[in-house]
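Each chain carries a letter (A, B, C, D and E) given by its place in the written order, and its residues are counted from 1.
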Amino acid sequence: MQTTDTVRDILRNYEGETPGVKANLARMLMAGKLGGTGKMIILPVDQGFEHGPARSFAPNPEGYDPHYHYQLAIDAGLNAFAAPLGMIEAGADSFAGQIPTILKCNSANSLMSGTAGKNQAVTASVDDALRLGCSAIGFTIYPGSDCALDMFEEIVEMRKEAAAKGVATVIWSYPRGEALDKDGETAIDIAAYAAQIAALIGAHVIKIKLSTDHLSLPEAKKVYEAENIDISTQAARVKHCVQSAFGGRRIMVFSGGAKKGADSVYDDARAIRDGGGNGSIIGRNSFQRPREEALEMLGKLQDIYLGRG
Amino acid sequence: MQTTDTVRDILRNYEGETPGVKANLARMLMAGKLGGTGKMIILPVDQGFEHGPARSFAPNPEGYDPHYHYQLAIDAGLNAFAAPLGMIEAGADSFAGQIPTILKCNSANSLMSGTAGKNQAVTASVDDALRLGCSAIGFTIYPGSDCALDMFEEIVEMRKEAAAKGVATVIWSYPRGEALDKDGETAIDIAAYAAQIAALIGAHVIKIKLSTDHLSLPEAKKVYEAENIDISTQAARVKHCVQSAFGGRRIMVFSGGAKKGADSVYDDARAIRDGGGNGSIIGRNSFQRPREEALEMLGKLQDIYLGRG
Amino acid sequence: MQTTDTVRDILRNYEGETPGVKANLARMLMAGKLGGTGKMIILPVDQGFEHGPARSFAPNPEGYDPHYHYQLAIDAGLNAFAAPLGMIEAGADSFAGQIPTILKCNSANSLMSGTAGKNQAVTASVDDALRLGCSAIGFTIYPGSDCALDMFEEIVEMRKEAAAKGVATVIWSYPRGEALDKDGETAIDIAAYAAQIAALIGAHVIKIKLSTDHLSLPEAKKVYEAENIDISTQAARVKHCVQSAFGGRRIMVFSGGAKKGADSVYDDARAIRDGGGNGSIIGRNSFQRPREEALEMLGKLQDIYLGRG
Amino acid sequence: MQTTDTVRDILRNYEGETPGVKANLARMLMAGKLGGTGKMIILPVDQGFEHGPARSFAPNPEGYDPHYHYQLAIDAGLNAFAAPLGMIEAGADSFAGQIPTILKCNSANSLMSGTAGKNQAVTASVDDALRLGCSAIGFTIYPGSDCALDMFEEIVEMRKEAAAKGVATVIWSYPRGEALDKDGETAIDIAAYAAQIAALIGAHVIKIKLSTDHLSLPEAKKVYEAENIDISTQAARVKHCVQSAFGGRRIMVFSGGAKKGADSVYDDARAIRDGGGNGSIIGRNSFQRPREEALEMLGKLQDIYLGRG
Amino acid sequence: MQTTDTVRDILRNYEGETPGVKANLARMLMAGKLGGTGKMIILPVDQGFEHGPARSFAPNPEGYDPHYHYQLAIDAGLNAFAAPLGMIEAGADSFAGQIPTILKCNSANSLMSGTAGKNQAVTASVDDALRLGCSAIGFTIYPGSDCALDMFEEIVEMRKEAAAKGVATVIWSYPRGEALDKDGETAIDIAAYAAQIAALIGAHVIKIKLSTDHLSLPEAKKVYEAENIDISTQAARVKHCVQSAFGGRRIMVFSGGAKKGADSVYDDARAIRDGGGNGSIIGRNSFQRPREEALEMLGKLQDIYLGRG
């Protein structure tokens, strides 16, 4: 499949990167209904690890089966499917070559006490990604955690190996931990900082959360106010985050969080689109809905990214 | 020995796995009186490590000798014998090829203080398993412990090596630690979560404990109640746990705990069978009984799994 | 380009070092408007990591784009451009061969709590430096931190690998941590000590901060007073620091800190020059100014080092 | 030298072990005056590390010289000489081939504060053992210490390497640490447990201390009483410990502790013999006595093991 | 240069050691004015790391330049020059082959807080020693520190590599840390213990401090008194320390500490000589004096060791 000009423009930003990584970025950017537009929708299913199986799949019990998610992502024409080792393996053969996959290589869980540290376990490797035919590895960092430096070092090592072996790297940059209060986790200055850190440590695709107009760090607050940085709307905040990742030289997608009303999901997508983000990574809001409803929602989201909604 | 359709169906769930691993899973599934049925009974003897020799073997002192357990498992027609390094070695030559063995690769003990951490020591390696002709490695994780992330990382590494070398992986997923109170360790939401984690980090065979109808995590409790998940009977809870491990795509066996009345052991097995579990892993309830009594009990359990009890 | 006598004299101090390292030191010393004089001005852009993107780039938003900094350093005729992995990569191809680059291999950030330790994450490797065509690796140590010994060990390992592969090593020696109070971080005895440590662990280029005439360690204070060491002017303090790094056998550059008035920047440079330092590493004071203003300032600084200001 | 039936019977218990390990076990079992009987006396000299030189050697200052101990062990016709790296090296050439040696690979010392952890430093390697012609490595574990899991993991790794290279492993299993009070360290239930752990992690020769009739763990105490386990005499306790190490399938020797009256040493040996232990490891009680007195005592101990005392 | 009988006698104590190590020990023992006598004077210059540059070099500012120390050691006819990586490198080419060098491979500093641990950073490697043509590596251990076990393990590893590559090992055994009070650091029982530990972990040359007649450990004190060990004079204490390192089978040198009166330095040397020590390692007392004065003092010390003073 020939890449589009848009995709080639995006790839050109990954200077000096291996052809293997560029090919895998292209593979994701060219897949599905948004293929070639530079926009992406990714289905992530690591909630069974993060929140447990019942909280994740009981609302739509077909989701207990990994095949359900593969098929949903394929039928919806998404760009990629992301999941931890066991779930990717459980359909790796049945769905080989049908949709790009992202091997989520670390995970936290809801059985961690207050003394356990804000951290994740590395549960898969680059060689696993290769063996399973994945286009990318996925990795979460927690800027703000006392474990953050260790997490940075882990993904820096893995990313180096992955890139050398032609596998792209997606970083989930989720502020969390001892340095942040609850509001800080979603504050715009922190979100932009999280995007910058992910870019600096070498992410090819950056995944962050949508943010609020709260400003958390006093030193940053001064600058936002002095420089009149527009953070008044979600689209403005998306734009600021995209700018914070090398002025738009890195693919950035946004996650939606817990299941919520469809309109709210659509509004988010419009803000991402209008702010110049590359797309959505949308888990519970798709797989916790009945399949037909999910397909409809995902189709509508694609329309939004195609400028038709 | 030609595998049965049932076994081939089970193996088909291990997509993309090495032929070596599948062969070893087949070896265990085809062994003994339950061979070919998809059901398994495993004899585990690591209690000498966990509780000390007298508490484990004094009730039936023949058990001090590792050969006793090998012979018991063979004579009872079990599917596999699992034990730590020293015990497997002590009969590795005498019983070579007579029964599939599982090398238990980490162990805790009862001499650990309150400050020692809820953890286990890695006491054997994949190369030990190969050298000793084992079909699988066994490894315990403690979801809920502050050491859990480290334990996940250890088995993820070992499993990768094991699978590449054709050895299967059995994970004992035993909730325990700082994040859990006593009731939580056996609560159904936690048990299902433990099964899910084991599946996601790549277990080929998952071993969990039978659970109670207690719900431990508040966020989970809400969902169980909202979705009316049936947890009223042991069979229902087994079914929920099986579902929580990729909708039944992974072999799941259940442990019985401390020695108890025979009827109770049989009831457990019926619940496992009726809930769709693959079988029992039964230690103290077999080897702490006199040999003839143990053989009778194991025979009866096999009958239950064969649908005759 | 033939090296000058001045540069050859400097290189001669690096006894027994690999030709590769010497070639890269020469490359930096011979580049730009100060080429061949033994003086250097380096543009470092790691503030996005250290302080966040808005605090770093909002005052001059062109700086969000890595290409801006590459181009600024080239157009200003600087000796080298230093930045973390992602930023170096983002222009590695476009600007290949146009200016020597220094890959900053570790970084801290402003999202670290009081319990996180005074430390940095290693975010790039020697092989990254080779792959990206860099002349040197850059690494920060925090003498005075409880993490200092670990940081020393990290750079000692990396430096060994780098030198063997022909890459030079620049050490940012920034006193900070549990052993120091605020005044101590910039005290002259501590600054000289930081220079000495960097030299002893093998730095080819030492970067320290300009210091105050404060004396922090009581044992040192006694000696400074007994021996009448001149620390009364910035130039005298620069001279003492240069002496403290093997009597001038190591290249030493000084950082300027937060953005401030131009006159103050020029005064700093004159003190560095008069004290025998090799130059300035100047980040926020260049890239936070409008481009034309920055070019003018950098030109004036070069004039100072050339003895014309 | 042809091995005796007794020795061959012992070796047969090491199923699947490498011929190299068996040859080295045979070497120790066939050496000296007890050669071929399945009984052993070993001279260990690591007290200089554990207690310091003066406390160890001042009572008989010839012992400061490593050669003294080699010669004492040879002249007394012992089965092996065990010591840390430096001491083994100091006579490795002079006494090459004259007596089997055991390289003690970890050591504690009496300069460890209450916060240092109950641990030992690894001070020698398997390759050192090979280079120095040793028949075995020796390693201490502290069941009951918060460092115990780490210690288990260290010896498991070393033992694997040693066995692959044909070197046997002797484990000193000495209960100690946060989980135990003073009485617990020598309690019979703990001693038996220590023997079981050493066997399970792969010791070829197990060295434990003689125990008291104290029962330390409440859960164990119940079982000892319920099952009427005989722990009334030292011989009974030795028997129970031997049984606890795979029903006698592992060589077990007992240490005597600080210097004491000769009669007491003989009584210990008779208890070890009558309980089915394989022998004594006797340090201070031999080398702190004048040489002639020591030789006489060791001769008498050999007589006891030969059934003549 | 043919080795003398004295030197050959000393080398004979290093049983089984590699010819490379013996050659390097010979190189140091045969160098300078004491060459061939079995006595040694070593110039160590790591005080810039330990105490900072001004405290070390301001009293004689020529010492800021590493070449000064190389030349001083050569002109004084010393046996070896010891320093950290950067300082050795700074003269490695100019002085190649003119004097044996010892690469000091770990260092502490005076910027370590009370919570930093009593430890040193490893700042050089065996390969650095080879590359720089050094005869030995030098390494400090702190018996009594909570980091001591780690330090032992570090040097044990390095020593193994060094010996295999033909490089000798000098251990600075300096009691210090949580287990010791101030008097304990220089107590004779502790000094002798420190010598014993260094010998047991494989030092070829042991460097300790001169001690006082204080006895620190109660258990040791009892033995010193019961056995009437002579610790009344410095010579007696040197003799006891030499005895404590395998009865004199290891080269032992003594350090002198801070700058003091010349007579006191001479008295120390006489005590070392009379007690059977191998010599002095003398830093601040030489390089903090004016060059001519230092040369005179070093000459006089050599006379003392030659029995002429």
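Assume a residue touches a chain if its C-beta (ideal position, glycine included) is under 8 Å from a C-beta of that chain, and two chains touch if they have at least 3 such contacts.
As the structure is a prediction and not an experimental result, all values here were calculated from the model.
Visitor: What chains touch chain D and also chain E?
Guide: none
Visitor: What is the touch distance from chain B to chain E, in steps?
Guide: So the least number of steps between the two chains is 2.
Visitor: Starting from the mean Cα coordinates of chain B and chain D, work out the distance between those two points in Å.
Guide: Spacing between the chain centres: roughly 36 Å.
Visitor: Let me have the rounded angstrom distance from the C-alpha centre of chain B over to the C-alpha centre of chain C, please.
Guide: Going by mean C-alpha positions, chain B sits 58 Å from chain C.
Visitor: At least two partner chains per residue is the criterion; list those residues in chain D.
Guide: Not one residue in chain D touches at least two other chains.
Visitor: Counting contacts the way the document defines them, list the chains around the ring, chain C then chain E and the rest.
Guide: Counting round from chain C, the next being chain E, yields C, E, D, B, A.
Visitor: Could you list, by residue number, the parts of chain A that touch chain B in their complex?
Guide: Going by the criterion above, the answer is residues 48-49, 51-55, 58-59, 61, 64-66, 84-87, 89-94, 96, 107, 109-113, 115-117, 119-125, 127-128, 131-132.
Visitor: Note which residues of chain A are touching chain C in the complex, please.
Guide: It is residues 13-17, 143-144, 146, 148-150, 152-153, 156, 160, 175, 177-180, 189-190, 192-193, 195-197, 199-203, 217, 219-220, 223-224, 227, 229, 240, 243-244, 246-247, 249 of chain A that touch chain C.
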